[in-house]
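Consider the two complexes below, in which subunit A is the common component and subunit B and subunit C are the respective partners.
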Partner chain A sequence: MAEEERAVGEGEGLRGAWREAEHLLPLDEVVRKEVWEGSIPIRVELARQDVSTFEAPMPFYVQAPRMGYFPLVLGQAKAYFQNYVPAVCCNDREMWLEHKGNALKWHLPTGVLFDLHAHGEDLPWHLTLHFSGVETKGLLPYEGDVSLRRHFRQTLKQATSLRYGSCKRVNNLSVAQMEQLWSSLQENKFESFTSVNSELLKLSTPGPSGLTEIKRLPLRIYLPHLPSPIQQPFTPFKDDGHLTTLHDVLLQILPGLFETTRLSFAKTQEEEGEDAGDDQRPTVLVQGISPPLQTPVLWLCQQLAGADTFLYICVIPKSKDQEVFAS
Partner chain B sequence: MKYEEFQSAAMAFMAEANDHGQEWKWVPNHPRPLQNVGADDRGYLALEEVYREPLEIDSTENRNELDDEDSCTFIDPSVIKSETAQPNMYRYHVVYVEAYQCPVLFLQGKSIDGRLLDTEYIWRDCCGSMNHEQSWLTDSCLPTPEEHPVTGEPFHFVHPCRSKDFMDAIMQAFLPSVQEPCTQSNLRYFKLWLSVYGQAVGLRLPLALHSSNPHPT
Partner chain C sequence: MSAELSSKLDLASPATGAATGKKDDKVRIFAKNVGDAPILKTTEFSASAASPFSRVIDHIQKKIRTSAAHKDAVVHLFINQSFSPAPDEQLGDLYKCFQNNGKLVIDYALKEAWG
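What follows is the complex of A and B.
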């Protein structure tokens, strides 16, 4: 009898979730294309200690796609600077990018790195390109294009395994499709990208039973001072049938930071118009924007995911909390 | 396997393995920032400082490398046998990876001067493999570079993509004669998994750990 009651409850929860979800799941090409076209103006200068000529070179400027990766745009910068650098150092293994003394991880999407380290700074984003000293920076080894491709595919498989419970959808892509996915990133072509990417995001079954294909939400939550992302399991909807919101996720993972958000809501409700409460809220960035915390995460995962189908969420604490993190 | 099951199995494994002379330790993940905001603690199992003598590079291979124009200026110091050869140091970490919902073996190799060992060197040293041709589109059973899920350091990991099917088959083959409690089953899984995947990357486990295992039926 208890099992029957639970089954009925689960069915009701699923139907409730489907009523909320069915309008969110179709891929919104307008939103997705706008996200794809996001880019960051970047100014790259050569590290002073790597200049081997009398005159330092002028900086290199590039518009870098948010969804892409730094190695894809640094090929041009490397070609530009190579005449100023000792020949033995001018190779992929030695290159690394610095922002304010910190090495940037080449395997993260460019937009995530910007949101995490440079949100609110003046543009263009000022970066320094180094050709020496990479050994001490704790970066994954970069040995040319194949390193980035392989890492991208591994990450894609992780996200797919989270979402559906196995890597089969990635393994089932043909070689041509995988090559197309990669070349669309290299050449920044949305139509080419989305024709393969949508294969990974569409449900194969319509209706409520299709929603159960999504096992867990593929999330990676970054904070500036943490060495690695926070990954915990979240289902697309809760037992009561409501979709999991951004607030649900953040409150569970970072309760010390987002409990104040509750107070903020209460305060705002009581003293309408005052902004004092909002000042305590950390900045939450997805693809460079701050979604309302009540946004269903399922929608974010469908429309605002990175090219590897992970949803990257950057949480930037306020300066008061920075002290907490820095200690 | 859930994280809690992984943790209890890892703790039990650690106790047994250390009784037989290894020095595994459980590393709780307590980065202060997360502690301060009340985030969950998740740890991992670590065997640090496993020393291995550097590979012998035969004179022919050495000469070939010197003759190769592309590589002559970038010979990794760790592959040159010095007058007094110093051992390389490996670290093995077993980390629960949420994406695959199973433990994953991570390893890192460094020469005595702290340089990270090349991927290909690790393949030869730990796996005895000379396979240099690895398409980015095929799943490698060799370790590949990956960021450590907890520390963010550059490590190599053994892809767990087919762990489940493989381990299910092994667990069936070694079924005990009587029903065993979950904790015992999880520990048995952990030992079998680590003996298979660890062996593949040069990690030796004490034989005594398996003396209590039932024989195949």
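What follows is the complex of A and C.
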């Protein structure tokens, strides 16, 4: 009996959630294309200690797509700099990028690295390319293209496992489709990318029961000073039939940072986005955008996810919080 | 307001605790061999929730390499027979997302079984 009641309750929750989700689930190709086209101008300088010639080379400029990964755009930079570094060093294994003393992780999307480390900085983004000293930087070993490809596929499978409870959808992609997904990322071709990517995001049944296909929201939260992302399971909607919002997620994972914003958050809504004078609030970035915290995470997962279908959320605490964190 | 704010901001510390897993939090791991990978003497063990996944890779690899036949073995680890987490992912979060009956099931192979 009690179980029956619970099932009825869940059904109501689902119907409520469906009313909110119905218009958020279809992939919005206009938004998705806009997000895909995001890119960052970058100025790459060769690290002084790696210069083996009398004169240091001029910096190298490149426009890096947000959705891509650094190694995909660094090939040209490597070719350009290779005449200036000792020949033994000039290989993929030794190559790493630095920003203000931090080694940048090659396995994170370029846009995530920028939001995390350089939000609000002047463009182009100034980076230093190194060809020595990688062993002490705590980066994952990089053996060339194959490392990145492997990482991408494994992350894609993990996101899909979270989302649907299994990674069957990735396994069901043909070799050609997987190849297409990867090459569209390499060549920055949206149409080619989205035709395969949408296979992984579209629900197979229409109506409320389709919503139950999504078990967990694949999301990762990054803070500049944490060595690993925070990844916890969240359902797309809550028991009360409302969709899980960005605020729900952040409040649960980082209560100390987001409880204080509750008041100002409500105020901001009233004041139509006017800054409520709360300069303590951490900056929350998804694809370089600060979404309103009441945005349903489901919508963000459908429209603003990375190429590996994980939603990357960067939280940049204000300097005062950072001190609290560090202690 | 600033006094109230700063007292609330102190909560940021426990939040990091929740985020990175408290020091004494442990995660139960069940390691299953795949293919010709040898069976470990202890298939169940626990590890700190705050530690990175690389800790488990190193542990299993070290155990396997103790036998002469596998002294150069490279192990590949998979969760729920589906994917391989990156070495820098946090064990506690992987547990929360993918545990089964209170255990994180890890399959290990000498080849990339689920590439």
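Simple rule for what comes next: the second predicted complex is superposed on the first by the 314 of 327 C-alpha atoms of A that agree within 3 Å, B and C clash if a C-alpha of one lies under 4 Å from a C-alpha of the other, contacts with A are read in each partner's own complex, and residues count from 1 in each chain.
Convention: a residue touches a chain if its C-beta (ideal position, glycine included) is under 8 Å from a C-beta of that chain, and two chains touch if they have at least 3 such contacts.
Since this is a predicted model, take the numbers as computed values, not measurements.
If you put the two complexes together on subunit A, you find that subunit B and subunit C bump into each other.
Contacts of A:G101 after superposition: neither subunit B nor subunit C is touched. When both complexes are overlaid on chain A, the residue A:M178 reaches subunit B alone and has no touch with subunit C. Shared-chain residue A:R93: touches subunit B; no touch with subunit C.
Contacts of A:P227 after superposition on the shared chain: both subunit B and subunit C are touched.
Of the two partner chains placed around the shared chain by superposition, subunit B is the only one that A:R149 touches, whereas subunit C remains out of contact. Touch criterion not met for A:G120: it reaches neither subunit B nor subunit C. In the superposition on chain A, contact is made by A:E135 with subunit B only, not with subunit C. Contacts of A:P292 after superposition: neither subunit B nor subunit C is touched. Subunit C is struck by only one stretch of subunit B after the chain A overlay, and of the options 74-82, 92-100 or 110-118 that stretch is 92-100. In the superposition on chain A, the residues of subunit A contacted by subunit B and by subunit C overlap at 105, 107, 140, 150-151, 153-154, 157-158, 161-162, 167, 223, 226-228, 230-233, 253-257, 321, 324-325, 327. Contact residues on subunit A toward subunit C in their complex (touch as defined above): 105, 107, 140, 150-151, 153-155, 157-158, 161-162, 166-167, 216, 223, 226-233, 253-257, 259-260, 280, 317, 320-321, 324-325, 327. Listing the residues of subunit A that touch subunit B in their complex gives 88, 91, 93, 105, 107, 135, 138-141, 143, 146-147, 149-151, 153-154, 157-159, 161-162, 167, 171, 175, 178-179, 218, 223, 225-228, 230-233, 253-257, 321, 324-325, 327.
Across the complex, subunit A is touched by residues 5, 8-16, 18-20, 52, 79-80, 82-90, 93-94, 96-98, 114-115 of subunit C.
Contact residues of subunit B toward subunit A in the complex are 31-34, 36-40, 73-74, 97-100, 114-116, 118-119, 134, 136-137, 139, 144-154, 159, 161.
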